[in-house]
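Take a look at these structures.
Next come two complexes, and both contain chain A; in the first it sits with chain B, in the second with chain C.
Coming up: the complex of A and B.
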């Protein structure tokens, strides 16, 4: 058991070392001190303000990571999560502004709309794949572009508030806001500085992670899903219908994708409406996070936090004349490092386990049971 | 034999003085190797004389394949020395082995069907290609070694035996003087085996050394000049065929008595468990299955004999529900399942031992207990409602490991860490403990050792007594004849003969399988 944990830690540890080494080389080559840079990054994230900023940022990333990871688990590449969430959230924002419902129901209704639209959008590549054999990578990439066009069209022609300077939907009424967790935190005696709010949808992200875990690792459906990803032929012979599995997985992945935009839309006082400034491309980050987190809910969570940490903590660098782009170098190196080191460690472990098994097997033959 | 060839042959024979050291083609000393999932080679000692057919026998999993891979350069030994033609060698790749004159003929042919023989022979060779000269060389080699291969023939038009000779030719063309053949008779019917043996004898007469891996003792005794027995990764004995009987050889291999698959009492009932009626499956060109009708009754084992690739895979798929039919009906346990998916069939008590365990029988990267669930995802003890019952699955897995003698450190080990034989035992145990009503068994004892083979046969016989119906597809003719109550021969997608296993010999069966004989012999 202890050896298993050690094996589990070997890969992320070596990936981290790899990342730091690559970033150090990049910094050193560009004439900056790696030590100073890393110290600045570390100390900057010390403040409550930045910790909250990291947490807030990681919420949408995490859910995006889960959406992509679920597809990966059965060998499906849902690159379309980006289009799915953007189309979902723009329609949900417009629909939500027209609703008048009590608080909890209003939030729920908006979430349902976002999820339903995202699922419908995800259904297109799924059906194309099972009926016409269209590769989902190609179709989802193209549908992302289509989603961009549709949402821009809807926004500027139907959802737009005509009076406003910038293109945006009607603001959501207070009943649709997810309150920040500041009051909850206060129960433990912590007080955030002024204008620092911890996004309330953090709870939703944790719940999404728990649902992902139960669904993928503990349910019968999850077994079928994972079996299809590991060995589609074995899955088919075991009774899994490959077509049905593609459709179900794509729809569930789309459902998770539908939740990506909820944290900024409903939980961030900066928005509470959809506008041109609304974050895009979150689900592309989700692909990287699913890779780094090995499609596991805990791993993806840590990856989302690390990713956000890199983005938030490097903001301070430009004040010290260190290029802020180091953040992207670190993120890129991290993806490569994780992919490589997991494969290396996996192979080592395979040999070690096989050795153990073969030693056991070459022991004197046991009596054959009658 | 032409005069020039005879001259070439005698030249070799009277070459540098035939002292004892010169007479040895391969010498292995103290070879040790641990290889993922396969029994270790532990202190292998081997001396192969030149111009001999040297057989290596051992149970499956004894370490024969590992040894051959070491000789062929695709594996490096952890310890020990390899001496080829008096020179110590270290192979980093098969290329090095070929340079040293060692060539390997694999059990599964690696030929491009849509190319001619000569094209297959030169495929992958470096340097410029001189078509005329290559063809001439192929003809010359073919004539000298009596291989009877036409360089212009299309591979697709050749039979299994001819294809094998093309593989041998490929290796000779690359300059090999030492041939390794990995279970070459596994894909052949008895008549083709005789032809192969004639070719091998011709090769040794012409100065080639043959290393012949097999676990079929009769064949080994018939063809080999010398035999090395391997058990649990060690060389147990090196004997001459004249000095041993098949029985003694078997005892050397196993260290215990040889089991037989023979079934004693009849348990066949009138209740039909599986009813295939006029099943047709489309294929490329002709139909893969043509109006096949098979009935399996409770307590009956129906054996399907046939040369590989004559529709067995499609037949298995039709019963399992993974291959769509274009005609006919599939009735399982009285329910028409022609258009019903695999899961529903498995829930009706269909057990499945796949042809290729790694292809569709296991999740190699998952622990054993998760593999136990595979195929039984909707059945107790693996699930409770929509949730996986981990405790139930683990308990059942432990039972399989115990009852079926699966050698594994624990049930948390990933499936790929087990040797092939242990994976097979695990799969058989998984299917049998689920208490199927109908078992679809393809090569149920492929790759497992003689002792475990007997145990598997016992388990199948025991279940048959309790009313299990079995559709048995196998390449092991002894197994088919021994276990079956009814024996059907499949050829080019059609059932061409119905035989009584009590009265048929493997040679007769071979004639039916190749189409040399047809009809019904009851």
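Coming up: the complex of A and C.
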């Protein structure tokens, strides 16, 4: 048991060491001091402003991570989360601007539209896979590009406000805004500095994490999901239909993907409308986070915080003549480090299990007299 | 009456093997039919440049990076390693090609691109072959690293140089020479300008004949030497993979590694070589972008072309000629977009006719469902052609991806990827 825990810790620890070593080498080769860099990064996240920036950024990342992680749980790659989220949020932003509903219902309606569109888009690779045997990695890559084209077309031809300088949808009315959590935090006697707002959809992200946990670890569906991921043949012979699982998992993953854009669209005070400046690549980050977080809701959450920390804390570096692109090196090294160390640990464990089994099998044989 | 050759009572055990016809004549007939349709479309849609040599030349320039990266994907997937990292390997190629070209000129850029891509390929091989990480995960990680590393390197080495910034490298010194085929397209031979026979035919605008001349001239005039190399790499890849012992080993490793291993093939080494070649070719595709489209490193200039190359690989059924066809088709779709609105409309009509033809073909083979769906799609394209006078650019952008999805949806039963593509394999595994 103790060995298992030790092995479990070995993987993340070695990934961390690997990341730091790679980044240090990159910094050292380019003539910067690794120690100074890391110290600057650490001290920069002291201020409330940066902590809030990290939290705000991590919300969309976290939900993207959950969307991908759900598919990973049964060995299904939903690389299409990007297309699902993009198409869903463009249509939801345009539809939301046309609605007039009381506050809570307005937010709910926009979320439902985003989720429904994303699920419909996720249904395409699912159906292609179960009816035509098309690999979902390839079909979702293609569908991402198609979704990008369609959303750009819809935005520039139907949804855009003609008078505006940049291509954007109509702004959402106040009833669709998710208020920042500042007032809630103030209840505890803490006051944020001026112009610092904690995105209200943080609550939604936490709820999404809880739903993910219940769905994957505490439901019949989750059991089937994990069984299909660990051993598809065993799952199948115990009565789990692989086709039904593919469709269900893809649709639920798509539902999570539909929520990715909600935090920037409804919760971020600088948007409240979809425009060309909307953050991109959120869902691709989600793939990395699902890998780093080992598809566990808490792990993905920590990964999202770490990822945002790297992005926010490196912003000060360029003031000190250190390239802030080091954050991307750190992120890339982290993904590789995690993936490699977990694979190595998994193989070591397999060897250990095999050794133990062979010892057990040969032990009674030794007792039998010749 | 002729007597039966076999004695009564002795039935032949199996039907005698049908004489294998070479696929070449059929491919030529198909190509002629496609060009015929193109010619027709050019006249009907009133888009004279639809089948012009300029359009084919532009298509070729856009197709070459797709072709190089697609061939790269071919080498990787033929040894059984899925390569989602083509995009990242091309990005590596752009930076290393841009850097080497700035230092030592265009031919160094080619070498630099190959080396840069092969570095990424080596990482992919290390992760997938030696360590055994999932291929898609590894390829994805390479795409992330490529963006970060090239940005970092550009910040460190390009900022402050003449005419350079974080997202633009310094200009490459000089260009590669141009090659024009002598006699057919007016190329020079030892300083003597040969006649431009195809150009003359093309200018006459004869139905079909001029279009054929336009196609051939577009493919033989003012080519970059790198384009010539890329085109030659298609038969070279086919030769290496299908007609050499080494190629047989590579393919066998991608089909059934355990069997190859039992026959003494070093599976890991063969896979390393395949993935390194893959990276080198994708990097060469990146170097082509640097040399021929921008003349310098440009951040983000790969812009999804690695994924289109992947689409071309699948469209081409994991074969060199198929990859070339896919890259050519996708390059053509992208080139048409740059010409004129009429050409884009021509493309719509062209697609409608092609899908309609495939519907008829499916109906002849009594595949009613496929025929019905194809007919509906063809009718929709035809209707769209009739009612529109300008196709939104976004629709042209999605063409390669949508075409690949259609091929995957309708012809996935006829696609045959290498049997062990993407599956993990360790030495000593029993199956």
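By definition in this document, the second predicted complex is superposed on the first by the 337 of 370 C-alpha atoms of A that agree within 3 Å, B and C clash if a C-alpha of one lies under 4 Å from a C-alpha of the other, contacts with A are read in each partner's own complex, and residues count from 1 in each chain.
Methods note: a residue touches a chain if its C-beta (ideal position, glycine included) is under 8 Å from a C-beta of that chain, and two chains touch if they have at least 3 such contacts.
This one's a predicted model, so the numbers in the text were calculated from it and none came from an experiment.
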{"item": "Partner chain in contact with A:344 - chain B first, chain C second, else both or neither", "value": "second"}
{"item": "Touching partner for A:152 - first (chain B), second (chain C), both, neither", "value": "second"}
{"item": "Touching partner for A:223 - first (chain B), second (chain C), both, neither", "value": "first"}
{"item": "Touched partner set for A:34, first chain B, second chain C, both or neither", "value": "neither"}
{"item": "Partner chain in contact with A:179 - chain B first, chain C second, else both or neither", "value": "neither"}
{"item": "Which of chain B and chain C A:325 touches, first, second, both or neither", "value": "second"}
{"item": "Which of chain B and chain C A:143 touches, first, second, both or neither", "value": "second"}
{"item": "Doubly contacted chain A residues - partners chain C and chain B", "value": "none"}
{"item": "List of chain B residues in touch with chain A within their complex", "value": "34-40, 42, 61, 232-233, 255, 320, 322, 341-347, 352, 354, 359-366, 370, 373-378, 383, 386-388, 402-405, 407-409, 413-414, 416-419, 422, 451-452, 454-455, 458"}
{"item": "Partner chain B, residues of chain A touching it in the complex", "value": "218-224, 226-227, 230-231, 233-234, 236-241, 350-351, 353-363, 365-366, 368-370"}
{"item": "Contact set on chain C toward chain A in their complex", "value": "82, 84, 127, 131-134, 136-138, 140-141, 144-145, 147-149, 151-152, 155-156, 304, 307, 310-311, 314, 392, 394-395, 397-398, 401-402, 404-405, 408-409, 412-413"}
{"item": "Complex interface listing, chain A residues touching chain C", "value": "26, 30, 77, 79, 128, 132-134, 137-139, 141-143, 145-146, 148-150, 152-153, 156-157, 284, 287-288, 291, 323, 325-329, 331-333, 335-336, 339-340, 343-344, 347"}
